[in-house]
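Order of writing sets the chain letters: A, B and C. Residues in each chain are counted from 1.
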Amino acid sequence: MSAVQASGPVAGSSGGGVRLRARRRRNWGGWALGAFVVVYLVWSLAPVLIAFLFSFNAGSSRSVWQGFSLQWWTGPASVFNDPEYRDAILHSLLLAGLAVAVTVPLGVSLSIFLGRWRGIASRPASMLATLPLVVPELVLALAMFFLVTKLLHFISLGTPAQVIGQVTYILPLVIVITRGRLASIPSGFEEAALDLGASPLGAFRLVLVPLLAPAILASAIVAFAVSIDDFVITQYMSSTSATQSVPMVIYNATRGSASPALNASAMVMGVATIVLCAAGYAVYRVVNRREEIVLPQASTTEGALGAALGEGVW
Amino acid sequence: MYPRRQLATLGLPGTIWVGLFVATALYALVAIAVGGIDPILLSPVPTWNPLHWSFGNLQSVWSALRPFNGPDWVVFERTVIYIAIAMAGCIVIGYPVAYFVAVRARRTKGLVLALFVAPFLVSYMLRMLAWVGLLSPGGWVDSVLGSLGVVGSQYNWLSGRSFVVVLALLYGWVPYFILPLYAALARFDLRFLEASKDLGANPVQTFFKVTLPLSRQGIYAGMVVVALPMFGDFFTAQLVSGTSSTAMVGTLINTYAQSQTDQTLAAASAVWLVAFLALLLAPYLRSSARATAEVAG
Amino acid sequence: MTGMAGGQVEIVELTKRFDDVVAVDQINLHIPSGEFFSIVGPSGCGKTTTLRMVAGFEEPSAGRIVLDGVDMQHTPPYRRNVNTVFQAYMIFPHLNVYDNVAFGLRRRHESKEEVRRRVSEILELVQLGQLSRRKPSQLSGGQQQRVALARALVLNPAVLLLDEPLGALDAKLRKQLQVELKTLQQQVGITFIYVTHDQEEALTMSDRVAVMNNGHVEQVAPPREVYDQPATRFVADFLGVSNLIHALAESAEAEGVRLGLGDFHISALAGDTAARGAVTCLIRPERVRLEPYEATGANRLPGIVERVVFLGHSVQILVRLAVGENVTALISNTGQDVPYTQGDAVQVHLPAEALRVLGSAAGQPPAKTADTDPAAAGAHATTAAGPVPAAETTIGEQ
């Protein structure tokens, strides 16, 4: 880890002859920090990797290693054969798909409205949309449970309620991501489009939406990841065992004597999420470079400050 | 610039959605909390009209949680202690990591970032499942520490151990603490450090006088991101402890919610919890607003 | 490529209010077809707001904008035959140069061949022919500016609006592009309305210049006139450097006015020679002559040299007059040494024909309509009212 130079918070990039002396004297600080981070990463990831490992256990214990076997992956005892696990995996994927399909358009359109509307009418909507970020998920789950069972009876518990709950929970994240990107798109671009003869709809379609593409993509990725892992709201909005998600199954089965197929089911979701997010991130990098917003850097402090502030935005 | 009507149509679905599923839902929560129970069905009845609100449920929850006196006070006290310790742990562990990735490891940043984003992509439940596996009798932690003689041979890690709950909370939430802190530190202009060194400060002084104060907002943001879910947590304690001796406020609310007749108490407890959190968050929101004003000028 | 015969712009009593701030206050401008017309003024004077109203991005609070006889009030920007080059160019980052320039043509549903022909033509004109496949992030500042120009010009607008287009470029590039823009405008023949805060830029490029201050138009005239015969103190101060001298206008003389300065008397032949009482006079530094202390003659005032500054192309000499005023003289660098140093006593010669009376020293009323003081009507070149272009009556030529 050669990124370490002098110890303490000194920028490692600015070199110089005088620094070399300080470098050798103070190296230990930087190394200690690096070692600390390595320890942290091991502590953070090892338990998960071990849990994945146990899905290949030859015995039926989830904590005592009894040899290597694929029995929980293929064959009669496999996770895909067990209706409970299989249904939960499918249900989780269904919910995630629906959550992304609803939250992204809903959130992006609301963000554009909040970002381009000149007037104060948008404040309440903005505050309400981000409220789920400042209350514990349990409170929101409880509130929506009551809403659905005591008032909006036409929404039944189960998949419909679960989707609605997840969408409401994920919406603020989509809005934060999109509004961040939107803030870095000067409305001058849309004005230029109008100036050149595009109607407002044309400006929206041909200029704003393409420039928002990275945020839309990022929102979809985040929505998927959050939905797959969601527990509290999905639990409270569920009805029968047919509406169980994988986190719910894990919660119910962990303290019991479930077989390592439980680990396998968790691993399926984990790997699926990682693969999807990695692929999504790769696409995101491409799209982001394509839509890189470039404005003339005025040779004034204004331009430099603007560039500096812009870097903090998604 | 866009015709007002078209823009309003764009915002309409979202506004209706949050009006319904956030505002009305929270109002429904309040309506249950101030409502009564149907005598026949024994299910909670929401009271929508503020004029008919009854505060009995709120009062009984308050008296149960009354500071130092109420029977459930210990639950609240315990929750605050757990969260405080877990939060301290998050700061002690999370700050150096965030600092390292944001300030020092600019070159290998991609790899380290990927590695510490990975926990987000693996569900919270799975990460708890992993620890249950390790701490179960015969599990790797249990057998290693048992053979080292650190604990007795029949030591049950997963039943009623407070420190296990705290460690689980810490393990679960420290990545969520690191992320906003990293974002704040990544924006940190390294030239401040150069200026400080230029003015004669040694690295320790620079850290305490320059880096730490300027990253304060990031630390607060991380604390908020992490504290809020912990106050609503019931599943962590359930998974790694499972007894009422480690019950948290969230456990209380969840238990009430499972029984139909107690749902009014669940709602009332939730209302009190939100009120408490609002009080707790107020200074953060104020300081965050002030910080934004300072930067925006 | 020839411009269209149209492009005449009338701005009538145009006003814009933002809450209680009046950004543009009842201005009147007449811009004939094919003119390079600049609006120049300090930040916040309302020039950009005016331009945006002509483009259609702001709605006037009052007044009218008439393009070739048609009132633009209910016409949105995408239906006006007016195009804009924005200060930050606003080239679409997700489209390459070709697609950027073709954008407007495609909105009009032109055929593919037509689009290709016109885009290639305009890219050749702005010397970007080789770069049509590049993305904006791969272009330099000057190249981006040309794309913005091409994108607007390819649509053959009646009027081209330019909002400080050279602001983000370094000085050398700016000078080069100024010449190119002027040549281009003459080639293409389209009316250009050019907004800038750089007075030198405005003077270099324009057929006529409008000087704006605080929402008002102080003077509209060709560059030479607005520089040599500024109508108000603000214009005098804003364009170039000026020496402002306070004196007492006493009586009429042969062709001008006799001024009293302390114990001295001098004559002024330019400006508001009918004014009497306390007045402010203007003389440009390059017209001030320094002579040895023993020199005699009219319009000479004694003084002491305070400072000599070498500017490269010229030398600036600050003199404190015996009567108390400070005067700056500018002497071109002819390769010979300047014979004065700090502390020298000199005679400052203010040639009468270069000395311009600006009227009452109590400040200039912002000239907005034709109903100005009849006594001053002869001299003030304020054409804020009505369509009277360059034919102001002014006294005192070179």
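We adopt the following convention: a contact is a pair of C-beta atoms (placed from the backbone, for glycine too) under 8 Å apart; a residue touches a chain by one contact, two chains touch by 3 or more.
The shown structure was predicted, so the numbers you read here are calculated from the model rather than taken from an experiment.
Peer 1: State which chains count as neighbours of chain A and simultaneously of chain B.
Peer 2: Joint contacts: the list comes back empty.
Peer 1: By Cα centroids, which chain is closest to the centre of the whole protein?
Peer 2: Nearest to the common C-alpha centre lies chain A.
Peer 1: Taking mean CA positions as centres, which chain lies farthest from chain B?
Peer 2: C
Peer 1: Taking the mean of the C-alpha atoms as each chain's centre, how many Å separate chain A from chain B?
Peer 2: Roughly 17 Å separates the two chain centres.
Peer 1: So the centre of each chain is just the mean of its C-alpha atoms; given that, what is the distance between chain B and chain C in Å?
Peer 2: Going by mean C-alpha positions, chain B sits 61 Å from chain C.
Peer 1: Which integer distance in Å separates the CA centroid of chain A from that of chain C?
Peer 2: Taking the average C-alpha coordinate of chain A and of chain C, the gap between them is 54 Å.
Peer 1: Counting only residues that touch at least 2 other chains, which ones in chain B make the list?
Peer 2: Within chain B, residues 1 contact more than one other chain.
Peer 1: Note the residues in chain A that touch 2 or more other chains, in rising order.
Peer 2: 191, 194
Peer 1: Please list all residues of chain C that touch 2 or more other chains.
Peer 2: 57, in rising order.
Peer 1: Residue numbers of chain A touching chain C in their complex, please.
Peer 2: My answer: residues 186, 188-189, 191-199, 202, 206-207, 210-211, 290-299, 303.
Peer 1: Taking the touch rule as given, give the residues of chain C at its contact with chain A in the complex, in rising order.
Peer 2: Interface residues on chain C, with respect to chain A: 55-57, 76-79, 82-84, 86, 88-94, 103-104, 107-108, 136-137, 141, 144-145, 151-152, 155, 167-170.
Peer 1: Sort out for me which residues of chain B touch chain A in the complex.
Peer 2: So the residues of chain B in touch with chain A come to 1-3, 6-8, 10-11, 13-15, 17-26, 28-29, 31-32, 44-46, 93, 96-97, 99-101, 103-108, 112, 115-116, 118-140, 142, 158, 171, 174-175, 183, 186-187, 189-191, 193-194, 197, 202-204, 206-207, 210-211, 224, 228-229, 231-235, 238-239, 242, 250, 253-254, 257, 263, 266-267, 270, 273-274, 277, 281.
Peer 1: So in the complex, the part of chain A that touches chain B is made up of which residues?
Peer 2: 1, 3-4, 6-14, 26, 29-30, 33-34, 36-37, 40-41, 43-45, 47-48, 50-51, 54, 61-64, 106-107, 109-110, 112-114, 116-117, 122, 125, 128-129, 131-132, 134-140, 142-147, 150-152, 164, 167-168, 171, 187, 190-191, 194, 200-201, 203-204, 225, 228-229, 231-232, 236, 246-247, 250-251, 254-255, 262-263, 266-267, 269-270, 273-274, 277, 308, 311-312
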